[in-house]
Amino acid sequence: MSSLFTVGETMGLFGALAIGRIEHVASFGFGIGGAESNVAIGVTRLGGAATWLGRLGSDATGDMIARRLRAEGVHTMDIRDESFTGLMVKHRRTGETMQVDYHRAGSAGSRLTPADIPSDLAGASLLHLTGITPALSDSARAAVFHAAETARASGVAVSFDLNYRSKLWSRFDAAPVLRDLATRADVLFAGPDEAELIVGAAGTDLPAALAALGPVEVVVKDGARGCTALLDGVPAKLPALPVTVVDPVGAGDAFVAGYLAARLAGWAAPDRLRQAVAAGAFAVTVPGDCEGLPSTSELDDMSFVDVRR
Amino acid sequence: MSSLFTVGETMGLFGALAIGRIEHVASFGFGIGGAESNVAIGVTRLGGAATWLGRLGSDATGDMIARRLRAEGVHTMDIRDESFTGLMVKHRRTGETMQVDYHRAGSAGSRLTPADIPSDLAGASLLHLTGITPALSDSARAAVFHAAETARASGVAVSFDLNYRSKLWSRFDAAPVLRDLATRADVLFAGPDEAELIVGAAGTDLPAALAALGPVEVVVKDGARGCTALLDGVPAKLPALPVTVVDPVGAGDAFVAGYLAARLAGWAAPDRLRQAVAAGAFAVTVPGDCEGLPSTSELDDMSFVDVRR
Amino acid sequence: MSSLFTVGETMGLFGALAIGRIEHVASFGFGIGGAESNVAIGVTRLGGAATWLGRLGSDATGDMIARRLRAEGVHTMDIRDESFTGLMVKHRRTGETMQVDYHRAGSAGSRLTPADIPSDLAGASLLHLTGITPALSDSARAAVFHAAETARASGVAVSFDLNYRSKLWSRFDAAPVLRDLATRADVLFAGPDEAELIVGAAGTDLPAALAALGPVEVVVKDGARGCTALLDGVPAKLPALPVTVVDPVGAGDAFVAGYLAARLAGWAAPDRLRQAVAAGAFAVTVPGDCEGLPSTSELDDMSFVDVRR
Amino acid sequence: MSSLFTVGETMGLFGALAIGRIEHVASFGFGIGGAESNVAIGVTRLGGAATWLGRLGSDATGDMIARRLRAEGVHTMDIRDESFTGLMVKHRRTGETMQVDYHRAGSAGSRLTPADIPSDLAGASLLHLTGITPALSDSARAAVFHAAETARASGVAVSFDLNYRSKLWSRFDAAPVLRDLATRADVLFAGPDEAELIVGAAGTDLPAALAALGPVEVVVKDGARGCTALLDGVPAKLPALPVTVVDPVGAGDAFVAGYLAARLAGWAAPDRLRQAVAAGAFAVTVPGDCEGLPSTSELDDMSFVDVRR
Amino acid sequence: MSSLFTVGETMGLFGALAIGRIEHVASFGFGIGGAESNVAIGVTRLGGAATWLGRLGSDATGDMIARRLRAEGVHTMDIRDESFTGLMVKHRRTGETMQVDYHRAGSAGSRLTPADIPSDLAGASLLHLTGITPALSDSARAAVFHAAETARASGVAVSFDLNYRSKLWSRFDAAPVLRDLATRADVLFAGPDEAELIVGAAGTDLPAALAALGPVEVVVKDGARGCTALLDGVPAKLPALPVTVVDPVGAGDAFVAGYLAARLAGWAAPDRLRQAVAAGAFAVTVPGDCEGLPSTSELDDMSFVDVRR
Amino acid sequence: MSSLFTVGETMGLFGALAIGRIEHVASFGFGIGGAESNVAIGVTRLGGAATWLGRLGSDATGDMIARRLRAEGVHTMDIRDESFTGLMVKHRRTGETMQVDYHRAGSAGSRLTPADIPSDLAGASLLHLTGITPALSDSARAAVFHAAETARASGVAVSFDLNYRSKLWSRFDAAPVLRDLATRADVLFAGPDEAELIVGAAGTDLPAALAALGPVEVVVKDGARGCTALLDGVPAKLPALPVTVVDPVGAGDAFVAGYLAARLAGWAAPDRLRQAVAAGAFAVTVPGDCEGLPSTSELDDMSFVDVRR
């Protein structure tokens, strides 16, 4: 069966349950976060098969992440490391701002190595990588390149979401690494800013500029403005669906999961994009990172118009 | 004194206190729901007298409902049944959708019988029925018709809210029953969809088409678009008041309570409609079903414009 | 591989998060309950394989139960029924009392039929049944007997927990049915009261009296007093472990899961009992029904003496 | 060093954590409120030095207020009185209304006397007073006038926020007192209504009319419409910043703190106004009274446009 | 019908929902408190009829108290006063201490006057007074004496609970007033300390010493030690029931309600005491003041031994 | 004035608000933890002066810690580091166990260096160190020794709490380091296990064995068994105060703070111990780490016997 394999760091995520100074917030929820595992969960909810591999600490947070991923039906290859599981702390000082802090330097997840990558990529037909992992450590960066090369060598398609994180490295450090990875991808996802980071101020046709690096499927996702794409040489453009935003975090991962699940299921390009756009819209209407990833039936039910009773 | 008598099922209502998958919701509030008891509470809060009759289970939920209705000042004729009290579960998968599930088949409330209806209708001058009760069971349907006939025989006015519930029966099954009941009503409330269910695609003048069935007071309530009516032959139209919606559920019952309380108090048609529209608007600004029913002083205070301090 | 198969009703469980009158409780948690699925979860957490089969409604509660059981690693055969998913409501009027109400009559779970039982019992080596299911409906009772016969016919061992529930049927109605089922069991679990229900006031040697009905493994669990047993003709007695009770509900299911997981793993009789007693003790130290079922590593860690830091 | 001195009543503030009838609200937060201490906290957060003086009861609320103000870095001169600490109760009957009740008559804070005011005004260069304190009691009114005279006699600038509170006194009683205090001020803050209270229907140029009473710096704050001012003879007008309102209470105090902190730091008039407007906008995006007072770095970070990640 | 009439102050009660410094407590519940209204609610829950009279402020707290008492079935004669409704703040600094602060001086409730007392005592057969009200103000004291005299003049029995509150007045001030009232009582309740306050170090026979002042029914309640009594000349002694204490506040009022409800129902002395002791025990097993007052069926159900399921 | 100086790591602390598997816990509180800052807060609450120095990340948690310590009146010398602020996660799988995980390797706090230590030790008369800091990193260990030497060179007394943490290093690695530090201390605190770690199985007189290493004040704290000591050559022994344990964490720090605050105030040895024992007892009656540190007035109020009202 066609399935997805992804590698990356998954962290515990403490999220403030109210707006205000962090010391005035009375309680926090505890969930999980990580772009790659979000995509794995998203693909599973949309009917696909997915394997996630990563390092976790031998602590309650690590146990919780492993149980939670298995609970979602993701095939979970968790390597237990002697370092701690990374944590994220998310709060909103005001109704208009959101701050996420990463407590992850030196974490278990950042200690990924090339040797961690199974040579058969767990039998997957599609490998998904992000630009976050190479920023975590030298060995993690090596692991990502090793995974990409392994995939290419065995005819497994490579999906890559640029996901530039300014808290982890400078644009200067990131650009060449991300560009290198983009050239190894078959499917490429980017925001406009990220695209410019690797193709320069390339005029307005970002999909074309990115496709010139190699990928035959390029999607530029652009928040409430929707997305533009160049898929097998055919340009496409889809507006976002009109919804009321509850929590903007997680849209990108939902979008990617929507696209890749459709791809695994063999859907045509326009249908892939449509599912991606619907999944991204769904995600922003739900608080939390992975809580907002929709299932197939939830996407079907979603009218995007009115409260149903 | 002029007062309202109503019969129906009242249930316990568990409502999710946060948005998301039901298994990610940390806590639920517990209240009560039921269109008829909502109207009875609403009438009481607006200064009228109301009696509610229905069957409840011999469980904590049944006790709670009886105490809560008495606490609201509703004269409560609760018949304890050996079956369980029905429950509703309400959650919001996203900020844009609301799902209500009914755990009521075979419940105490559905086992209402004609013999439960007191022959003097508790001395009321107005009987209020809904299209929900006849969908619950054969005996409940018989009870509703029996109540309507009893009222007509003794000169008690009959109010009927179509309240078609697709989860309980098909349009095909419901249409003849609801039409039959409508012909027995003096005061009729309907949404546009419900109106079409019983009068067919009747052009645009729904109040007139409904009035042709018999009722001399017909009100078509239409959410944020307000309402149109035909009252003693005089057409009327009122826009909704501009408010920010917190929870759309409960507007219809508040509206009906606003209208009927005014009618019991002997107000003129335009004033009845005005109070109905204000009560409906008030209801959508408060979370919960019966929590949003306003009192007279609350309606007076309500500026519908600005936060008062 | 040796594994467990069990059939029964699983319900949504709303549990009050504070002590007091149900209308003074501000919030409720939402989990799942059901003796058979508790045992299945417990066996899975303790390293065994388990399949649960039952009927669920097509509502959010039914979806939640299916996802939650899958999340626990239980192989879940949920049959979707047109009736609603049963619900339990649990509250504590005082610190000394706990009341559980069942909103289940006519529920999806009670509509189990013999035809629902797969002829291969999902390939299991052990069938677990309880005395709750035969009390739910005629077809459910037939299903339980059918499952027991199917197992016996194919050499699959039958485990039976008497689990008499006075809210579902009288002692008079229950006794012959439970006795019939006990005679079909290889492994039998009972409380002292339940034992007396089917063997009469049989002096003090309840295990022997029960074994006389047929089962070769009999365990009488007796709350804080521990348990007595007759296993392959050898009597045994184990005191309970000394712990501070947080929530007494769920001890029995944890105990049974502890015993059966050990049995599936081929452990000797004394080790089975020891794990049963440890699991039962663990369960009462945790609020919630299935939340208190321990994993192997949790049982290992548990010192039952002191708070560890 | 230049610093602020302010006198007034600070109360405990219980605020409903959900919308609805006060008896349906499950939980309340507990904070502190008081226009003068809000300004003192706001000035401190924006890098200035501030002293607050007032009377508190010898109860847990009084202790909490003193600890909380000290925690904010406000130099706190709390005089313990034998009466109780005043309390405020804040709730929202609907999503559109907010009600604040004061449980303060005869409270410790209202028993302020002229003798409480230190003759050196704690070494401050700026005294801030509001129109609330003179409404609390005769001795409190005398204390406010005494503080103003003391400041004027020693060359300390006087800032005065009219802050008319209709729950404390009538417009008729308040007008002459507030006018008297305005004539003693160097810096004057008013809302349009308050301005009209003391200068009459003065055409549209309220700043000029107020300045005619004496103050050389006059700012008329006008909610979402921003503010107009006459500063050292130069008129100014600034629109409000576009934000989504979470809680409108506290904008005025944040605005005043923004202005006065800038003044203490020696900033030019346009910069003072700009900081005032930014602080006022920040405040409405955060629930709570003093929780919404921004720090310098928070104002810098605030983009007022988009959620930052 | 025989019924109870009581007068006193009822306040809003904010109670910390967790242990710790008041500023570390994240949320507070909001209920009502007042010894007299507690007794009225308790009597009503135990099947008796009760009227409460008192002054409330025109604020949300006052409205809430009136609605809450009516909801309990207490006939409520609330006089709206221009002062604020008194508030109580309850928190636990540690698991072993509880602090209650009263924010009530000058409150609406303290402004009770003799003229507020209806000359027919609302048709009651029993008047209940406490030693709290005379400590609130001169007019409240006069009102209490006036009520007692009115009762005596018309043959209505007088019940009096000494309820000495050290936060309101000194032992020196209280003693003569409480003694005066005790001489006017037919039924007298006291703790050992309170008894000594008015009869001096009277040896060990406190009930006899108190009865010497006039009352023919004297009950000395003594917490976990139970109670001693002298009823119509017959001494009695009852141990407390063994329960686990959740919240000790409210036992006294529940005890008095249990006694008086039994007296109104015409029960014999030993049965009155038995119900009093059961109600007191019930109360300490429930958090909150009036939440712990039992109903008849709750007392019946209560096994005081084990958690029931 | 005599004051305390202490150095160490302070972390954010997420603590589960309910018992159970970490993924079933709905909400977490957020506070701060760190043995040294706990002692600093404790000393301040007991009337002493204290300075804390340490490294914090430039994240919301770091800001919160600095504000919270300042709020407690601790003179706070926070050095902002480019690494993240360490976090602790605390939960209770059962009512009998507590698990704390540290997410701190490589954290800001662990990057302390000798150069961070001010040569005047902030003018303190007493330096407090723990055995935690030397386990964090080489530079942190060097910093601790450097601080001890600096103190000794300038006649500042050195207090040392062994605080062996098995999660940070092995007994084998820790023993020589902790012993070395103990020889540099004037005041030494140890648990029995920790004492044995550095003095071997030294018979039963642990205080004497520890004093032989150099310190003239030695206190062996032993949980619910109280403490033994050798102070200036005089042996002492104090039982623990009888209290009900709510949260055992934090007793040791409260005990040390009680002792050191008394020492700074110049109290005699027996009084120091008495305050230490009272503070330790107080701490276990309150949930949270630093929340349980008592103030002088709280210790005075504490009856340790009964709930006060």
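Letters A, B, C, D, E and F name the chains as they come in the text, with residue numbers starting at 1 for each one.
Note that in this section contacts are C-beta pairs under 8 Å (C-beta built on N, C-alpha and C of every residue); 3 or more make two chains touch, one makes a residue touch a chain.
Keep in mind that what you see is a predicted model, and the values were worked out from it rather than measured.
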Third chains touching both subunit E and subunit A = B, C, D, F
Contact-graph separation of subunit D and subunit F, given in steps at minimum = 1
So which chain is the furthest away from subunit E, centre to centre on CA atoms?
-> A
Subunit B-subunit D contact: same residues or different, taking over half shared as same?
-> different
Inter-copy rotation, subunit A to subunit D, in degrees (Cα atoms; steps of 5) = 120
Inter-centroid spacing, subunit F versus subunit A (mean Cα positions, whole Å) | 42
With chain centres taken as the means of their Cα atoms, state the distance from subunit C to subunit F in Å.
-> 47
Just how far, in Å, is the C-alpha centre of subunit D from the one of subunit C?
-> 62
Touching two or more other chains in subunit A are residues 21, 26-27, 29, 67, 99
Pick one for the touching-chains graph, please: line, ring, star, complete, other.
-> complete
Within their complex, subunit E touches subunit A through residues 26-27
Residue ranges of subunit B touching subunit D (in the complex, touch as defined) | 29, 31, 243-244, 246, 282, 285-288, 291-292, 298, 301-304, 306-309
Okay, in this complex, where on subunit B does subunit E touch?
-> 67, 70-73
Residue positions on subunit A within touch of subunit F in the complex are 12, 14, 17, 21-23, 25-30, 57, 59-61, 63-64, 67-68, 83-87, 89, 91, 99, 101-107
Show which residues of subunit A lie in contact with subunit D when the two form their complex.
-> 18-21, 24, 26, 93-100, 248-249
